[in-house]
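Listed next: structures, encoded as structure tokens.
The same chain A turns up in both complexes below, where it pairs with chain B and then with chain C.
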Partner chain A sequence: MEAIKLESVTLEYKSHNNGIVRAVDNVSLSVNAGEFIALVGHNGSGKSTLAKLLNGLLIPRLGDVQIYGVSTRDKAKIFEIRKNIGMVFQNPDNQMIASIVEDDIAFGPENLGIEREEIIRRVEWALTKVNMLEHRKSTPFKMSGGQKQRLAIAGILAVKPSIIVFDESTAMLDPEGRREVLAVAHELNKNENITVILITHYMDEAINADRVIVMSRGRIVTDGTPERVFAQKDMLESLHLSLPLPTSIAYNLSKSGLDISENILSESQLEEALCKVLK
Partner chain B sequence: MRDIAFGQYYPTGSPIHRLDPRAKLIFSLLYMIFIFFAKSYLVYLTIFTFIAVTTLISRVPFRAVLKSIKVVLILLIFTGMLNLFMYRDGNVLAEWWIFRITDKGIDFSIKIMLRLAFLIIGTSMLTFTTTPTEMTDGIEWLLTPLKYIKVPVHDIALTMSTALRLIPSLMEETDKIIMAQKARGAAFDTGKIHERAKSMIPILIPLFVSALRRADELADALDARCYNATPHRTKMKKLSFSYRDAIAFLVLAALICFIMVDAYHFITPDTSIASGLDYYLVEWIKSLIAK
Partner chain C sequence: MQGIEIKNLSYTYSKKTPYEKLALDDVSLSINEGDFIGILGHTGSGKSTLILHINALIKAQTGSVKVMDIDLTQKRPKPDLKRLRTEVGMVFQYPEHQLFDDTIEKDIGFGPKNLKLPADEIKQRVRESMELVGLDYNDFKDRSPFDLSGGQKRRVAIAGVIAMRPKILILDEPTAGLDPEGKEHILTLITRLKAEISPTVIVISHDIDEITRFATRLIVFNKAKIAFDIPMTELFKHEKELVAMGLEVPLAVRVARSLRSKGIELEGNITTPHDLENAVVDYYNKKHFDDKLNSPTNSVSITSNIKNNASGENLSIAYSDNSSATPNDNTISEKEVLR
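The block that comes next holds the complex of A and B.
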């Protein structure tokens, strides 16, 4: 089933010197329900703008964005879209509305006018999903970045979306926090069948995705499985995107004459291939 | 900067925390009004005991409570000084140029400082023991009548609680900016006053920029979580008055009665600087000594 559909979407910003910058330039895209998509690209490639187009925070100048068949141009149905597509932003501190964990998680369902008992059930469920149930009465002020970001995810989960967009949600976190957030994203995709769009500039976060989309200057440059995308090394290099570390090691080894497969994504694959070569 | 404790919530789950936020708001309002009627030192002592006991029950660390005064300490001292030197009535103890210290001036300036200190401590007790969400709900309830003249009461309440929630974040931000500018050789503690004021600009501009950016992101986050999806918002936590609120009200009412009786029932002769019950206390002690 088609969850997200973009039809030749274009959006422009005015730049400082009155010029026009095309943040998103004639992008067409289709995402099926249940997919895990990594959207990668350099700063200013338009990936965050694309995210904001998805839930109607921005409306395209040309083209159309549809979430489960509902266009974001349809003002009467904007909340139906926002209920369907949740969004986790970069800075967890700027997403907290309340200073008590459970109050913050309840904010979304409260806005939707859901009954009290159901809200309490959802808060418990959402906190369990992100492994933070024991913190429900505390304040997020002193928590680690990873914990705060997991709370932000719980706040979105309580709305019960079928799609979640992570808009550079790992960019401000330490490695430990990044791992936590990624684990939650994969868990939700697998067990709750939530469609995930993970926007990032860390290439190693993209290896476990079903599909990797690379953006540059507002356009989609390539779109395919991680194996296929990371095989295009020269193209990625020309966009100043680094390869995941195992891929880059294998690539350089094979370049210097070692008989090793270039299609290596994870550390365990690299390990296996190296063992094979060294035998 | 980090010491500013005003607006911070201390979760301890004490009986004070569990009071209904609407009750707490009304009580704080009453307290703020009636504290200005306090006259004799006996009453000030009673108010002090009241605050101390409240703090004890709330289990908020005394350190935090004292910090809330630290911020306004300069204002307190300034007000005290101004009253000390400018008060005209009473027996003159010392005089120089336009300054004059009188016995009534000393009395008055001590009292005004105490009053302000009690005011700050009392109101910060409210923020120490009430979560911004509760505060929002309480304020919203108090402003409900305005809904009928189409005032967006919920939006106002949310704005206020977000402002409170962002205070610690902005403090942290200010600290970071100050450190960053210091690392680049900026000096904030030296130079003449206008130089120091000028040196604040490199702090204020980045702070404003980041605050605006923050607000922008927060607005997006609100939208992403379906803010304003329906006019019929529901609440996870229902507010309900309980026996605790009644007890708290009785205690506060007793305090207010005491303040008012002291101020208006025990009239003292103009010749004495002791006012209210103090006068009678002093007279009583005098008579004891005379015996």
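The block that comes next holds the complex of A and C.
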């Protein structure tokens, strides 16, 4: 089933000297329900604009964005879309509104007019999903970045979306926080069948996605499995994007003449390949 | 003295309240002029509290802090904090949040202006600082710093700090939140600033793979104390401690350890991906050479030239063998073509 559909979407911004920057340039894209997609590209490539187009925070100038067949231009249905597609942003501090964890998580469903018993159930379920249930009565302000970000995710889960967009949600976190958030994203994708769009700068976070989409200058440059995308080293380099570290080591070794596959993404694959070639 | 001398420094936040937290516990440390230091540690391990002391943004509760010839803990006469803050340049986390003026030139010139330098000197410093961080003076000076990309904003903020010409430069998470290209810019910039402006550089980072690329000395904080303080090349010896503290171990160190545990004895100190690549190529060639030794060609010395793409340099490895089984004068030089 098609969860997200973009048809020739174009959107421009005004730049500082009244010029026009085409942030998203004639992009067409289709995402099936249950997919885990990593969206990568350098700053200004249009990936965050694309994210904001998905839930109708921005409306395209040309083309159409549809979430489960509903266009974001349809003002009467915009709340239905926003219920369906949750966003987790970069800075966790900007996403907390209440001083007690469970109040914060309940904010979304409360606004939807859901009855109290159901809200309590959802808060508990959402906090369990992100491993934060024990903190339900605490205050978010003294928590680590990773914990806050998981609360932000729980707040979104409580609205029961079928799609979650992570817009560089790991960029401000330390390695531990990054791991926590990433694990939650994969868990939700696998066990709750939530469609995930993970926007990131860290190539290492993209290796476990079903699909990697690379954007540059508002266009989709390539779209495929991680193996296929990260095999295109020269293309990625020309876009100033790095390879995942294990891939880059394998690539350099292969250039030095070692018989090592270039299709290496993870650390364990690298180890295995090195063992084979050195044994 | 041009460095920093810290002795028995302890610091407790919110003393005598239920939120009391020991942030530094009897820390002693000396930093020499010319050091390139990476500081690693968990959130709350004390690393930020330490650098706040170096700039006298918090006062030592017990112990002493001396920066160059300024004794920050001396009572009378009071330490010259104005001079201290000229000598020590501090780039905080997300320094772009501190941009405030309406043009880039004014923003960068703010510090020098407060030093009451003559106008042409200020202009000169702004121009130089902008060129250093890679922003063309004429193109950018009249633009608003708020119209720039994240990476550019950060470079403007750093230019504002280096316009003071600090002898010691401290950067807290300088690449956080930047894309790979922005990160590269900042890392290259830091190395350049060390060479041209500030001989002593201290960088706090969460990213161990990033720290290993530039710093030559590594200080790891854990639970308000210095867990270890080592030359970067000895990092691999401390893998277990890093893991125990829940800190990241560089990928190259992990892979090298795993290969060694499987009997593949890679040689040398492996910290960076580059070290790993070289060690793997060396090992591969050596094994190849050993195979040759056992073969009837009886080659004793093989010079293999491997184009090493990681460094872009030619790496020449010469193996000489003293085995008595082969005559010494029978030296064959051959260009190894691998694969």
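Definition applied: the second predicted complex is superposed on the first by the 279 of 279 C-alpha atoms of A that agree within 3 Å, B and C clash if a C-alpha of one lies under 4 Å from a C-alpha of the other, contacts with A are read in each partner's own complex, and residues count from 1 in each chain.
In the analysis below, contacts are C-beta pairs under 8 Å (C-beta built on N, C-alpha and C of every residue); 3 or more make two chains touch, one makes a residue touch a chain.
It should be emphasised that the depicted structure is a prediction, and the values quoted were computed from it without experimental measurement.
Look at A:C275: by the touch rule set out above, it reaches chain C but stays clear of chain B. When the two structures are aligned on the shared chain, A:D74 is found in touch with neither chain B nor chain C. Look at A:H201: by the touch rule set out above, it reaches chain C but stays clear of chain B.
In the superposition on chain A, A:D259 makes contact with chain C only, not with chain B.
In the superposed model, A:E2 lies in contact with neither chain B nor chain C. Contacts of A:L241 after superposition: chain C is touched, whereas chain B is not reached.
Touched by chain B in one complex and by chain C in the other are residues 90 of chain A. Interface of chain A with chain B (complex): residues 52, 55, 57, 79, 82-83, 86-87, 89-91, 93-100, 102-103, 106-116, 119-120, 123, 137-139, 141, 155-156, 159.
Listing the residues of chain C that touch chain A in their complex gives 42-43, 143-144, 147, 149-151, 176-182, 184, 206-207, 209, 246-248, 251-252, 254-255, 258-259, 262, 264, 273, 276-277, 280-281, 283-284, 287, 306-310, 337-339. Residue ranges on chain B touching chain A, taken from their complex, read 9, 11, 13, 131-133, 158, 161-162, 164-165, 168-169, 214, 217-218, 220-230, 232-238.
Residue ranges of chain A in contact with chain C, taken from their complex: 15-16, 42-44, 90, 144-145, 168, 171-172, 174-176, 201, 203, 240-242, 245-246, 248-249, 252-253, 255-259, 267, 270-271, 274-275, 277-279.
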